[in-house]
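The chains carry the letters A, B, C, D, E and F, assigned in the order they are written, with residues numbered from 1 in each.
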Amino acid sequence: MATLGMIEYADASPEVREVYDDIMTTRQTDWINNFWKALAVDPPTLRRTWQSIKQIMAPGALDPLTKEMLYLAVSASNQCPYCIASHTASARKAGMTPEMFAELMAVVGMANETNRLVSGYQVEIDERFRPR
Amino acid sequence: MATLGMIEYADASPEVREVYDDIMTTRQTDWINNFWKALAVDPPTLRRTWQSIKQIMAPGALDPLTKEMLYLAVSASNQCPYCIASHTASARKAGMTPEMFAELMAVVGMANETNRLVSGYQVEIDERFRPR
Amino acid sequence: MATLGMIEYADASPEVREVYDDIMTTRQTDWINNFWKALAVDPPTLRRTWQSIKQIMAPGALDPLTKEMLYLAVSASNQCPYCIASHTASARKAGMTPEMFAELMAVVGMANETNRLVSGYQVEIDERFRPR
Amino acid sequence: MATLGMIEYADASPEVREVYDDIMTTRQTDWINNFWKALAVDPPTLRRTWQSIKQIMAPGALDPLTKEMLYLAVSASNQCPYCIASHTASARKAGMTPEMFAELMAVVGMANETNRLVSGYQVEIDERFRPR
Amino acid sequence: MATLGMIEYADASPEVREVYDDIMTTRQTDWINNFWKALAVDPPTLRRTWQSIKQIMAPGALDPLTKEMLYLAVSASNQCPYCIASHTASARKAGMTPEMFAELMAVVGMANETNRLVSGYQVEIDERFRPR
Amino acid sequence: MATLGMIEYADASPEVREVYDDIMTTRQTDWINNFWKALAVDPPTLRRTWQSIKQIMAPGALDPLTKEMLYLAVSASNQCPYCIASHTASARKAGMTPEMFAELMAVVGMANETNRLVSGYQVEIDERFRPR
């Protein structure tokens, strides 16, 4: 189910298949999840989104597990059910244990609490914290 | 500046000073930032918030740097200026390099983009992603 | 399903029916969707909300299709499932093609990404962009 | 400062003055705050917004203080600096004490925390909580 | 259903049971809702979250009904389905009538509207509203 | 001012200058705004973000003015001060009149209001609105 429908591999154009193949190769998996099948109705968006994610989530100064946990933290904070479900799965695949998930969620919860305390109390930024 | 004013160490009650002292000891620092000085007008909230943060941010299944980066990711996603400034400072103190910051922000940006693509396209959760 | 139940046309008071009739006439349709049936338990809110929407969505400096797409863009950004479903339907009725939907969603996604990059990097507003 | 400028009472059209007068009478005050002066560039929006707020904030099943505190709670949760400043002022005028403000903010903070814990843990709604 | 599963009373450790018992005693109820059963996989988070909520929601400068309505207002504004369902139930138990619910929701809706008008029009904070 | 500083044209590497040049050519302008100068500390993010925006904002099924207004609507809804200021400027350059701005903001405000009414009243999606 998706607004404009979803494109299965068997029905995909060569352009879309190329992206699907790269997703499966990069992620070492043999299936395509609904997000990509929904975006595939708009091949430029499918390609651009995948290229961006591939670049951003590759190992760099941060390792893949940390990146997946950051992605999950933002998705939980934004309360996106699909994104929480899919990135919980990815983070687990990358090595997130139940203990790490629980600590991650505690941080997400606390950050959301103090973000509002700060705003609600109209706290001014300390000089030492300002960027130069 | 804060809605109910801020309480400096010199003017603090013994109850508030005890929290301030614990903050400075735990964080190995010699000053108190505005957030705590604003909360100090309500000692139970000051104490509870500090006790919660102290417990949540202590090393556990996740190391302190990862926790600080998760805190910063949520604050950036929520667009809280004070929280971004203060947690950028804490994350740097915990070891976040400019390269790590840049990668963190790239993940935060991308997560916010795909969270909306998923919702806007009304993508259904894949069976494999559902919790049991 | 709704917190306080929903009021069907057949069970509606004359005051509520008057609003329902105006909705159906204005929108050239023969049914009332759940949103209005849920609000109808509070007639002043039903009336005020409908009068506001009727005024705001009427053609003016912006045409109805553009207004429906703006409504959808905000609803997708806010991740409101009902609102996304209903305003996708309204926008399509007003002439939104699948290509327009896909481009709209690409803009919504990108705006959500750069909104966070800007906040996270603590970018100061350029003098040229400030309102006088 | 505002995107399209602000309209002072002395420069206002009779249509805008009528709204300004009603605001001052209803709120028993002798000045107009910037929000209304910014909206006044679009008289239909000025009128509609004021009429809606006047209706919604009038005493009813909830008293004016409770309504002002709900308005402030939402504004603090949404992190709108102007709205927090102005509705803190209105709530104080309606009788909110510093102790009430502090408890209100504690609830706002906690609600923001548990909202994310619930979403992040993907907690299913209990049957007993579902509306019929 | 929850990411890490849910812990029923019968299967709970003494540490978790102690919290469950305190929840049931404090709330004068004989069941535990899914939120707590999901958090129970992480006993420190279960305990800390419950202790915080117990402290925050206790009668003080604000009565329990007002606190429950503030909690519901934030949850509705954040669009958290579980939280809306559960806090609507709690607020009703504390005395919220359908009329009060309808007025609460009208305030929440209006606050969300004007929060964006203020930001979108870039309205500057009036000097009189600034905290000293 | 920005977390990691800003890179002026004169100090930019050839890689960054290439992006700056393309921005100025594409937008027919002779200056670079702070957003890009802040992102330039991370050239891959600078390049990727610009390439994405260039592709998304190009004329297609939607014209550039509509796209700029959608971008502004999302930024106003998200309450990002920098983004509101910069995209108000871009939308004006693309032809947005004060009347169009005012109508756009009225839609953004209303959408934010009804998004919360829908969620708060727990309104179920009408069968006719569901994607197939």
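Convention: contacts are C-beta pairs under 8 Å (C-beta built on N, C-alpha and C of every residue); 3 or more make two chains touch, one makes a residue touch a chain.
On a predicted model such as this, the values are computed, not experimentally measured, just so you know.
Chain pair D-E has a twin interface among C-F, C-D or A-C; that twin, with over half of the contact pairs alike by residue number, is C-F. Comparing the centres of all chains, each the average of its CA atoms, the largest separation from chain F belongs to E.
Mean C-alpha positions place chain B and chain C at a centre distance of 34 Å.
Centre-to-centre spacing of chain B and chain D amounts to 27 Å, using the average Cα coordinate of each chain.
Counting partners per residue, chain F has 1-4, 45, 49, 52, 56, 77-81, 85, 88, 99, 102, 105-106, 108-110, 112-115, 117, 119-122, 130-131 as the residues that reach two or more other chains.
Chain contact summary for the complex, chain C toward chain B: residues 72, 76-77, 79, 81, 84-85, 88, 105, 108-110, 112-117, 119-122. Per the touch definition, chain D reaches chain E in the complex via residues 1-4, 31, 33-35, 38-39, 45, 49, 52-53, 56-57, 60-62, 66-67, 69-71, 73-75, 77-78, 80-83, 85-89, 97, 99-100, 102-104, 106-108, 110-115, 117-126, 128-131. For chain B in complex with chain E, the touching residues are 1-5, 44, 48, 52, 55-56, 130-132.
Taken together, the chain A residues at the contact with chain C in this complex read 3-4, 41-42, 45, 49, 78-80, 131.
In the complex of the two chains, the chain D residues touching chain B come out as 79, 88, 98-99, 101-102, 105-106, 109, 122.
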